[in-house]
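Some structures are shown below for you to check.
The two complexes that follow have chain A in common; it is paired with chain B in the first and with chain C in the second.
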Partner chain A sequence: MNAQGRLALLALAAIYGIALLAPWIVPHDPAAQYRDSAWSPPGTPGFPLGADGLGRDQLSRLLAGARVSLLSGTLAAAVAVAVGGTLGSLAVLARGGFSAVILRAADLSMAVPWTYALLALRAALPLQLPPERVFWAVMAMLGLVGWARAARLAYGVAAGVRDRDYVLASRGFGARSGYILRHHLLPEALPALGVHFVLAAPQYVLAETTLTFLGLGFPDSYPSWGSLLAAAARLDTLLGHGWMLLPAPVFAGVFLCYHTVGVSLAQRWQPGPAFQAIR
Partner chain B sequence: MLTRPWSDALRRVASATILLMALAAICFALFALVPGDSLTDAAIDPGVSPDAVAAMRQRLAADWTHSRIDGRPVAEAILPRAARTLSLSLASLLSAWLLAVPYACRRTLRRSALDTAAGGAAVGLLVAAPDLLLALGGLWLAVESEWFRTSGDFLLGWIVLTLVLLPALVRHAQSALAEAALQPFVAAARMAGIPDDRLAALWLLPASSGPLIALLGLGFATTLSASLIVETVLGWPGLGPLLLEAILARDYPVILGAVLLSGAFAIGGNLAADLLQLAVDPRRRSAA
Partner chain C sequence: MSPVSRPMLRREWLGFAAGMPFARRAVADPGSGVLRVAVRADVRSFQPLTALDDPTRTALALCHAGLVRTNGVTLQPEPYLAERVTVSRDGKRISATLRAGLRFSDGAPLTVDDVVFTFAAHLDPKSGSPQRDSLIFGGEPLRVEKRGPRDLEFVLNQPFALGARILDGVAILPRHRLEAAFRDGKLNESWGLGTPLGELAGAGPYRIAEHKAGIGLFYAPNPHYFRPKSPQIGALSLLFSAGEDAQVARFAAGEADLVSGFGAGNYGVIEGYAERRGLRLYDLGASLDYSFVLFNLGKPDAAPPIAVRRAMARAIDRSAIAKLVYRGLAAPLVGHVTPGRGEWMNRNLARAFESAESPPPPKRFTLLVNSGNPAHMQTASIIEADCAKAGIPVAVVALEFRSLVDRVVNRRDFEAAILSLRSGDLDPVADMNVMLSSGQSHLWNPRQATPATAWEAEIDGLMRSVATTLDRPARKKAFDRVQAILAEQVPWIPLVSPHTLFAARRDLGGLRPSLVGHPALWNVEELHWLRTTGR
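Take a look at the complex of A and B:
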């Protein structure tokens, strides 16, 4: 990994650390309303990023939101990549019917544009969900939308390995499918899946943020980055209080870090003209 | 080699149709089985008799061609919205391609350090600013500058959606062209003194047409996804805002129609790219 990538990884580690520790380091309770300080601009003593119309501290909401958005998005990405990768590798081993079912299901779930797919799944759930269930519902929806890309990737890589001579040889020596999966297919597929995870994780975070932004994810009392953006996106808010958009550059920074790490991992694991050109 | 282009084309059309039908079946099953409907509010209203709700429910459940909110035919609700989504998406897709491909050609053939650094930084920054943030930036610009209307401005939506699509397109086009540029015939043409523009148009682009057309096919779904977000934030009355309204009102026939139509557009775009691929590259046709 190059210096840029290492720096970005360090920054990401710090951001995740802060997000995990959010409940203990927030300056105020993110739900507490300091009505006297409503619409305090950034830089007001006690409210470094300002306070919203209800007087809630924006910095505290940003930190608490980071915990919700980053954790739900990253966990969903991890689960989707694990499930998709497993199904894709199994499809290579099984061939025949099972493999056809997996591949067609993947085609089907990638046929609909992802925002439409996500909203279609959301439409099948009750509009109002209790906050603790929202977390699992969001993760399940993101996973259902995203698993197919990982499955396709794992299938592609593992299918390339399956018919190589050394795999045939080990099969000839009596190796079972599980052994081939562990010793030949997964070692080839895992680096590709790792790069995919790093490139996909911010997309999952974005998907959660978008869902909440649209009013279909976490409720406002349980702030995610989507609720912060939704609060700032109202025209009357933007007109007088454009600084409410200040969290947006923070999100952009997280995306940039992820992208930098992903590109430098891709260069390391899959060197070739195709990946070098990404730079 | 004898080829049968029509049977290949027909096979692709058939598999796209099957995919769309499978999608319709799954979406229908999903929405027909979910608990809760547009009458949930009426059902807990003491002024409405349970019998009336039950009768209404029975009548609505059988009808998947009319909106459950205002009774309009689903097609009438959806088609004008879809036309607006398509106009925004196709205009943005076109402008993004017209910007990305020449830029990628230039960077592949002529690598000046400044050009590479500045372009790379610009693309990197755009990558870091995903659709939702770019759309919010556009909204902020409309509010601050008064150059655009804050709701339903085609020009603003077009600019924002183009910027959303651009970075990924540039990166993929660049990697496709870089691969083609490694071919010996490109080096030979170069040594023969063919100027860069001609080289790009007549050697590089045809040699990379395969991955570029594949990229075009995948681009429809990406564009529609981003379009939904841009439409919603910037108030462009397309399919996206309609779908959101329908979800909040639990209007399942409209939800089903909007989701299926977005799937049809994406599948259709992919199919068109597939057929173009067949027309352009004889190697993809199966032998007779």
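Take a look at the complex of A and C:
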């Protein structure tokens, strides 16, 4: 990994560290409303990043939201890559009917407008979900939605390896499918999947915004980056209280770090066709 | 839009050069310019008989007219296509005489036969008219009888408190254009968006000249409009913009001359541009809209118990909602009757909340809110915090609007929800559909065959007397009692009434803002551009 990549990784580690420590370092309860301090601009005593329209401390909401959004986005990306990578590699091994079923399911999954699928899923869930369960539900849904791209990627890389001499030799010596999967196919696919994970994680963080709008995300009193963005996206807020967009550069910085790490990893591991496609 | 003539400019310049600028005043510039109105959605049809949604009703009201029109300022009915209207002493007969020489926009004469046809069309269940129920009195439909070439009599089975207002809002339809569809029982399919515009006809001030789907609706003056020298503005267009922010941005950028229906936040946005761009903001005070927390009383144990509902009603800081969410441009409510309907408000309701009873420890219940409505989302956060302070655990669940409506209206699968309603009129009769236990909008337990509770039965009786009693103090007393029952039983908790806001260019004259209907377009034929001139 080059110097830029290392620096970005370090920054990400620091940001995740702060996010994990958020409950202990936030200056205020992120849901507490100081109604006399509504729309306090940044720098107001007690509100370094200002307060929103209900008088909630923006810094506390940014930190608490980082914990929720970064962790749910990262875990969702991990679920998507793990499920997709395994299924894609299995499809290469199995060939025939099973392979066709997985690949067609992946195609179908990519063709389905997932917003509507999630709406249907929300309708099936109980209304009252505590925030912790919402966290897991959000993570699982995003993961389930995103498995197809990872499966296609894993299939593409593993299929290129499947008929290489050393894999055929291994099979000739009696290696079982599980062995070939573990020792030949997955190791080839892992770098590509790793880069896919790094580049996809920010998208999952942003997807949480959409989920919140659909009622699948977190309640307003439970801050997430999605709800911070939604609050700042109104015309009157942008024009009258532009500083409400202060969290946006933080989000941009995090996503830039992810991208830098992803590109750096791609260069380090294998500048082959699969990585060129990702870049 | 308001052309300033060269001689006038020269005159002003000469006056200025001489150190004696002419005093400037605005005078009407009849027949000039285009009025561009920013609206939020396209029309759904060109048929006024079946129009339900606000955008369609606003668009079609410009090209249709009824026998009577409610004056937006005095809120009293005035003869419109009718020359005069009289109501009998017992309130059961309304006589109307049409103006002489009325014509539809296609040049065909408008006669008593068109009026009879219009009411027959509204009363035919196959037509799907949403106004049908309001034309049925004591189980009998309104009868329309021809009394002469221009004279008609409307006969009601029982008195109607609002008298001639029954004729308001019923646009007179051209029989010669729609009779075939009516005979075939397909009136509700007529005048769809695919209809050639030449086939449409109405008696309002404008006719539709062009419809560009998703872009705008463009009007030209109706050459046969009965009022001379009207409308005064040469052309009018409704420009569609998706969402309130886009609508306001379009107006602030000078792409529209009039905008309404925006929230308090965007009031501040327009205020910032007002001086530079020559815009004027109108704040008409509390509107007829009201937001409320609705409880599901139709399902056993779905809503929290009455003691908890009362405790919630006491705990919610409506002033904070008005101040923080609506930036002070809303009135906190005790009952559902807003200050905009002042004389009908029961001003003794506050006492209903002054109870010292402590509720049993409640279980956590869900409060649904429309995730696409930022004002309702913030309101929910305030309610959640206030209830938490009072020891009432509330779980706010944000749902996309259609999912929310499906749960609340269709599946009745909810505990509580934040919603808004609009009273169509200042008079309590406008609340009939909400208050009657059999009403479709009786939201806490709709469409009951018989009233489920004694208090709902009492409200039914009181509301029927409000609609049929001609004595105003008696009506007021009955409606006060309705409000008191609602405050005691708490099937909903009224929250705030947002102000009616709109904005227009300063040089738009003839505006007579109204709380009922569109705040600026109800007298569209009187609007005109002002040109500035010297004395």
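We take it that the second predicted complex is superposed on the first by the 247 of 279 C-alpha atoms of A that agree within 3 Å, B and C clash if a C-alpha of one lies under 4 Å from a C-alpha of the other, contacts with A are read in each partner's own complex, and residues count from 1 in each chain.
The definition used in the following text is that a residue touches a chain if its C-beta (ideal position, glycine included) is under 8 Å from a C-beta of that chain, and two chains touch if they have at least 3 such contacts.
Everything numeric here is computed off the predicted structure, so don't read it as measured data.
Once the two complexes are laid over each other on the shared chain, residue contacts for A:Ala111 go to chain B alone; chain C is not touched.
Look at A:Leu119: by the touch rule set out above, it reaches both chain B and chain C. Once chain A of one complex is fitted onto chain A of the other, the partner contacts of A:Leu10 are absent, as it touches neither chain B nor chain C.
In the overlay built on the shared chain, the residue A:Thr212 is in contact with chain C alone; chain B does not reach it. Look at A:Gly253: by the touch rule set out above, it reaches chain B but stays clear of chain C. By the touch criterion stated above, A:Ala169 is placed in contact with neither chain B nor chain C. By the touch criterion stated above, A:Ala100 is placed in contact with neither chain B nor chain C. Within the superposed three-chain arrangement, the count of touched residues of chain A is higher for B, of the candidates chain B and chain C.
Contact with chain C, but none with chain B, is seen for A:Ser221 once the two complexes are overlaid on the shared chain. In the superposed model, A:Ala232 lies in contact with chain B only, and not with chain C.
In the superposition on chain A, the residues of chain A touched by chain B in one structure and by chain C in the other are 119, 122-123, 127, 213-215, 235, 239.
On chain A, the positions that touch chain C within their shared complex are 31, 33, 35, 38, 53-55, 119, 122-123, 127-130, 212-215, 217, 219-221, 230-231, 234-237, 239-240. Only residues 104, 107-108, 110-117, 119-127, 202, 206, 209-210, 213-216, 229, 232-233, 235, 238-239, 242, 245, 248, 251-253, 255-256, 259-260, 273-279 of chain A touch chain B when the two sit together in their complex. Residue ranges of chain B in contact with chain A, taken from their complex: 19-20, 22-23, 26-27, 30-31, 34-36, 108, 120, 124-125, 127-133, 136-137, 139-140, 143-144, 150-151, 171, 174-175, 177-179, 182, 221-226, 228-229, 232-233, 240, 243-244, 246-248, 250, 252, 255, 258-259, 262-263, 266-267, 270. Partner chain A is touched in their complex by these residues of chain C: 245, 248-249, 263, 265-266, 268-269, 272, 320, 323-325, 364-366, 368, 371-372, 374, 377-378, 380-382, 384-385, 395-400, 403, 406-407, 413-415.
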